[in-house]
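What follows is a short report on a single structure.
Each chain carries a letter (A, B, C and D) given by its place in the written order, and its residues are counted from 1.
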């Protein structure tokens, strides 16, 4: 099998240039590529466009990139947990493109799957439909939505092997596996990196063909946004 | 007037055995507490889980297991995990039978506004637009009037809408109403102690009253 | 969890009427719903339209339904292993709609996913494109293809639980999981039926939400079309 | 003139380290036998496997593990299984770098015909139309002429085509040829003992000859 391992987060993100279009996995703070975000903070780059369902919180996740003014534009479905985000947006320092979550997921999936455009009912009759082609199929109206692709997709998995095959855990899966094929280069950080043959071929969530670089991350904080417990 | 919990309790009576259900944040989440134990339903969380269990015990909290409101949760026997594309394939494809969500406004033709207030910070629509465009049955849980006393049941939404012609039923602190296919809110039930006149005065959209309107039974 | 179990194949297919549109999983003879095919043979129905990548062989799989003249139309990508099929087609007793395999898979996936139409490059400039809308995106020409749905999708898995959650084995997965959501009623036959909680939520290939009926099949023959071995 | 195995052997030299490759039925399947051991490539089978291994030993034959030609196969360490939609997402999305397949005809502008002969029984295109419409590099393995001696390298395909402007290179029993972006077959190499004149007489499409044409080296 083809070996995709790189040394660490620093090596994995080293060639990401200013102005790059990035996809980053995660839902809320769950399943975000913590190590790559830290490594990006050490790079002297800016004007990034980031596709991510959320924008982190003020002092964690993508919020850290925002605070360092590295981001020009966010493409997300929900950004409501981040005060610095709000400030930059109101000041005109940041652009945001808000997309229904299912449309975002499907546009990303289409980008990786060679589907340039598709039709969805989400957003018909709303401001999301402005400027978009609508079309009726079997009596229901749909919007045409285009595929999304990125220069780099940066994702986080639970286990991976050196060939780039990935397994996720719990709801930390979310956008991670579908972003892998949508990036020209996919960087995957994993909690546990194993040799080829150690993962069951029948249990892999993301085939290694989509992953160009993989490394074992460290010191995962896995911050919890809303700790809710029952008695 | 119903408490939030009572609104949830009344909505739980709309749930049918064998349904797959998506519950929005707020009052809808409380509905889960009132589904009878002998009823088999499965709750979907659009971040990638079928079979949402109760909040975990302190020692079982797992940052890799949250619901769409970012709260830590647990799984049940028979739960399934999946990615975001699969989750919305499920929603868009009509496999989730019932969506219960909150709203800022509902119009008499079933439009819903619940994601954006002009002039205020935009948080984003999350999965709401996909949900309201897709589910075969959509029930709104909300207060009948805003904090400033304005009716939230309108001839036409004044806020940017989330979806058109999609709301089937509304349960408020005052009443249960159905949206008439040709437009208008059909008053089905009154909250205990609330009069038809009271509801009429607090409903700015067209209210349709057919004969005697019964009080809710829980 | 909702219990989806039915007694057996006979009970599962009992209400399938003449003229129904069926999807049937499998690639070649691998992963085909053998028990349901046998039970269908015992029904007095015909004029079926069947969506299946292949059409079985003369004396096994969908070939058995063809031989009994139960099929009006096949929607497939490759039907070359079946002499009876050829005879009926040449005699005008059978219609066939041949579709590129990837387009077939994506049309089925779209049908289950609430996507009414999408664009694909497969078949551009060929007779597959006849009568279809073409459109250019970023300098490349694509065909618009419509979603496929069925009255019943009939699939075969390796393991399943009573809530309809499914795990497949090897390349017997193929079209099975994507056909589940594309049928109004999905019937799943499994080699091993277990109770809820016995399958790992992280290893399920097809969520039970898509499956309406499930039963444990028996006497699987699993015929091999081309037994090739190395020394 | 090359044997089928020699055609496969010559094509194997086009394979690059780290590639994901889809091999069609027939000569293309033989290419796997000539990929050097020190080269890491992964073979995709469009029915749902990355990492095709050798044919299994008699005792390891598994009816649930076949390739796209319906032959029983084995897996390698690091193999992955997936469904048909994922498989063609992989192909259509350009993740498979190289497709090697057979053909009945290739035209000088890179069109390929390999799925249907009018008047004969139609078997279907299987995954061929998806593969030729998607892969960044497509190499055709075929005999230079048909059994009746007609050239298969034509100005224009006479048979129903599988895809347009897609073939990049052709390896036949007589020659290695590249398709010129503006049209025409560029003669790159001759099979041992085969003359340029011989190839010219057996190529009905436009043949482009730039200087000396070397003999193939294996």
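Quick notes on this one:
Note that contacts are C-beta pairs under 8 Å (C-beta built on N, C-alpha and C of every residue); 3 or more make two chains touch, one makes a residue touch a chain.
Keep in mind the model is a prediction, meaning the values are calculated, not measured.
Common neighbours of chain A and chain B (chains touching each): C. Comparing the centres of all chains, each the average of its CA atoms, the largest separation from chain C belongs to B.
Chain pair with the larger contact count among C-D and B-C is C-D, by C-beta pairs in contact. Rounded to whole angstrom, the centroid-to-centroid distance between chain A and chain C, based on C-alpha atoms, equals 33 Å. Taking each chain's centre as the average of its CA atoms, chain C and chain D sit 29 Å apart. Centroid to centroid, with C-alpha atoms defining each point, chain A and chain D lie 36 Å apart. Within chain D, the positions touching two or more other chains are listed as 49, 81-82, 88-89, 91-92, 134. Within chain C, the positions touching two or more other chains are listed as 106, 109, 113-115, 120-121, 168-170, 202.
With chains as nodes and touching pairs as edges, the resulting graph is of another kind, matching none of line, ring, star or complete. Remark: chain B residues 18, 20, 40-42, 44, 49-51, 75-82, 86, 88-96, 134 touch chain C in the complex. Chain A meets chain B in the complex at residues 27-31, 53, 76-81, 86, 89-90, 96, 98, 100-106, 108-109, 120-128, 158, 168-178, 205, 222-230.
On the chain A side of its complex with chain C, the touching residues are 106, 110, 113-121, 135, 137-138, 140, 142, 146, 167-170, 202-203.
Chain contact summary for the complex, chain D toward chain C: residues 45-49, 54-58, 61-73, 81-85, 87-89, 91-92, 111, 121-130, 133-134, 160-164.
By the touch rule above, chain A contacts chain D in their complex via residues 1-3, 109, 111-115, 161-163, 165, 181, 196-197, 201-202, 204, 207-210.
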